[in-house]
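Each of the next two complexes has subunit A plus one other chain: subunit B in the first, subunit C in the second.
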Partner chain A sequence: MRLDIRELGQFNHLASQGAQRAAASLSQLTGVKMNVEVTDVSLVTDSVLQETFGGRNFVGVSVGLEGGLSGETVLAFERERAETLQKLLLNKAGASQALAQSSVSELGNIMIGGFIDGWANHLHEAINMTPPTYLEAKGTRILPRETLHAASGKGVFLFESRLEAMNVDLDFSIYMLPEYQEFVDLLSRSPSEPAIPANKLRAFDGLAKRGAHRAAEQIGMMTGMETSVNISRIRFVPLTGVPAQVGDETMVGVVFKLTGMPSGYLVILFDERSAKSVASAMMPGGMQEDGIGAMTEGAVKELGNIMTSGFIDGWANVLGTSIEHSPPNYVHDMGSSIMSPVVSKLGQRQDYAFVIDSAIEMGGQQGHCDIYALPDERELAKTLSALPSNA
Partner chain B sequence: MAKRVLIADDSEFMRNLLREILAGDFEIVGEAENGVEAVNLYEQEDPDIVMMDIVMPIRSGIEATDEITTDDPNAKIIMCTSVGQEEKMKEAIKAGASGYITKPFQKPNVLDAINDVVPA
Partner chain C sequence: MTVTLTSPDGAAVDREKVGIADLAVVTDDTQLVTSGLGSCIGIALYDPEAGVSGLLHAMLPTADDGRSTAPEKYVDTGLEQLISAMQTAGAQPQRLHSWIAGGSQMLEFSGGKNSIGARNIRVATQQLSARSIPIEGADTGGSSGRSLIFNPKIPGLIVRTAKDGKKTL
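Presenting the complex of A and B:
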């Protein structure tokens, strides 16, 4: 079964349009203007679900899907935000608890209805929805049990659209979790290149994690800090959405161009405080520098070189290819401004990208580092396809 | 004389909203929370118009519409739905619906839809 990457892009686009429609419905019902920040799809395992949902209290609405597409759609609000929403919807004091829940359920129902319309029209087949279920749950329990079970097996495709309200604290996400095998079938209906064999997806996921762990080890060795990989996931996103996803915080980091199989870019970013702590930890006598200057630059470049080597060595070994990296290109700018040129170079060949997105925590809250790997999708597909099945 | 309307929607929030929109111009003769109640209330009240939700527990709005129009081919049923899928709309029309509006709606949408189906 070969997954057509262009078709995956098409589904991502449908989800993004669906999220726009859902946002418009919410605006009409509440008067609050909403923006869809980004829509991405990732193949996730239970550990990524833990990282994504863990520890938070949610109010949610879940709707089951059958027909043209089976699966689950969940609208998840953090608890305080759900209270804000209920107030907006009911707009009067003394409404009963039951009516408050009913208002959230129906909002979920309407938004999810709008979300899946485009999918059904694309598939030329009706998608039936179950009535909405109102949920209050902690962590991953906001998701259906079957989803969690599937995630611990082959993994699940997780579409996430993040919606952001203007002026009100009402940000939340719509999650769509199609049934794995059926979605794989949909993606392999009319095979065209580039395509990735479905049975290589887990290997790809393992590859992303391996790279992140190797890079984290290198930070540990260079700084003496304890490190752990907090998040490591593969997102499939429209390239134009990447800069916004990285955000507007000022970052210090390095950009590498990768050549070989696959080629692409690797970007390592620290927030300013973290850059100073790693730089300081790398200097035997500590850091004698105010602000971010030449010493921090030197340290971050050096560390970046070593992390990148660690990252791509892990890849090349598994893929049986050779990958080289350029000298570090030092950057100190808004995260989104750092990513823009990378994205526009990659964008000459492709509209979507698999972004391998890892977050590394350094011991005792000393710092945080994000790594983004953006391989060329055709070369990635080719290399993964060539992997032996037992990889 | 005010037209007599039956509201069928599993959401209390939505029934309240429709009631507010229709109050004054129409007489609400009943409210159903699922497709079975909708069919029963239709037989009992013989309303001029039914505002019918699609996604409801026990029996869906499309099944209820099919059942009502089989008994009464002149029944006027407006689907009120969060789903705008083309295939779903075809199913609704096949079941005998006379019109539809997509949620979320505002008062003018509802009044226009009713006016198209049962002119004042």
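Presenting the complex of A and C:
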């Protein structure tokens, strides 16, 4: 089965439109303007679901789908966010008490309905929804059992739309998990290039994870800090949504251009505090610098170089190609604006990107680092297609 | 349907977010905000008589620079789209004023004079001048990222950078 990347983009676009409609319904019900920050889709394994949902309390609504697309849709809110929403509903003049009380179920129904409509239109087939079931659970137990089972096998496609209130401190995600095989069938109905063999996606995921672990080991060696890879996954996301995923916080980082097969960009970002911690740990006797200056720059560049080599080393071996990286480009600026030139460059050839997104934790609470790898889509498809099927 | 937050002068302020390769048009005092401008460019247009404001956040200079069909992605087609949306809202092209910000060169391998940022600035300036739309304020180039708020009440474009804080054009 070859997955048509354009078709995947189309589904992502439809999911995003569904989220926009859901946000509009929610705005109307609560009186709070909601904005859809980004919609992405990733093929995730049980361990990623564990990282995404683990340890948090959720309330949610589950709706079964039948017809053009079957599976389970789950709308999950973190418990405290659901409470904020309930308060907003109660405060809104005109909202009935009954609606406020059953708000999560009602919202779930309205939002999922909006989400599904676009898909049904695209498929020219009706998608029926079973009545919503209200759920309360901790961690991945909010997800259907079949989903968890599928995730430990081939993986599941996880659509995530992040919604954010404009002027109220409230953000949450809508998750949608269509049934794996059916979704793969949909994506391979009439594959056009670029296409990626479905069975190579897991190999690619493994490669990304190994890259992240190697980069984390390099931080450990250079700083003496304990490191662990917190999250590592491959997202398929509209390029225009990448900067929003990174956020507007001021970051310190390095950008590398990758050449070879596939070419692309690798961006390593630290928040300011973490940048200072790693720089200080790399200096014998600690760092004598106020703020973020030349010493931090030097340290972050050096560390970035080594992390990048670690990250891409394994790739060339598995992919049977060679990949080189440029010298580090140091940046200290708003995270979203650092991603801007990167997505613009890639945007000359593509609208969507596979973003390998890894989060590394350092020395317990000492620091945090994000790595984003954005390979050229066509070159990646070509390289993965050429992989032997046992890779 | 709208949220209010209180500005320092006590008046209520509404905000509308503009994403990347996106535009928005409003006909009241709603502030138009966008962030994550590196090499991208923001173009704000305002018709004082009709009270119509618009903001475009474009990624690339011209539609020839890519294969996408989304007009808002490019300065040339995005500007056309913005003006047309503003006309629908009651604005007239000959009454428009403009503000531009962005087009920085954040990365060394961006390509100097031919970097996407530099070309975005060139095309924006050319396109506005070709349409005889005066540029009231500009904060372009350099190597810093920016976030923008167009405030129709001033009217003016508020530019924020990580290093230099806020200024109003």
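The rule we apply is simple: the second predicted complex is superposed on the first by the 372 of 391 C-alpha atoms of A that agree within 3 Å, B and C clash if a C-alpha of one lies under 4 Å from a C-alpha of the other, contacts with A are read in each partner's own complex, and residues count from 1 in each chain.
Simple rule for what comes next: a residue touches a chain if its C-beta (ideal position, glycine included) is under 8 Å from a C-beta of that chain, and two chains touch if they have at least 3 such contacts.
Because the structure is predicted, anything quoted here is derived from the model rather than measured.
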Partner chain in contact with A:Val343 - subunit B first, subunit C second, else both or neither: second
Subunit A: partner with more touched residues, subunit B or subunit C: C
Which superposed partner A:Asn109 touches (first subunit B, second subunit C, both, neither): first
First (subunit B), second (subunit C), both or neither touched by A:Thr240: second
Partner chain(s) touched by A:Leu89 [first = subunit B, second = subunit C, both, neither]: first
Touched partner set for A:Asn121, first subunit B, second subunit C, both or neither: first
Contacts of A:Gln28 with subunit B and subunit C, given as first, second, both or neither: both
Contacts of A:Leu148 with subunit B and subunit C, given as first, second, both or neither: neither
Contacts on subunit A seen with subunit B and repeated with subunit C across the two complexes: 28
Residue numbers on subunit C that touch subunit A, as the complex places them: 1-5, 14-17, 19-22, 35-40, 59-60, 65-68, 70, 73, 104-110, 115-117, 144-147, 161-163
Subunit A contact footprint on subunit B (complex, rising order): 10-14, 16, 55-57, 81-88, 91, 103-104, 106
Residue ranges of subunit A touching subunit B (in the complex, touch as defined): 25, 28-29, 68, 89, 98-99, 102-103, 105-106, 109-114, 116-117, 120-121, 124-127, 129-132
Subunit A - residues contacting subunit C, complex: 27-28, 31-33, 35, 165-168, 240-241, 243-244, 246, 248, 250, 255, 257, 326, 329, 331-334, 336-345, 347-351
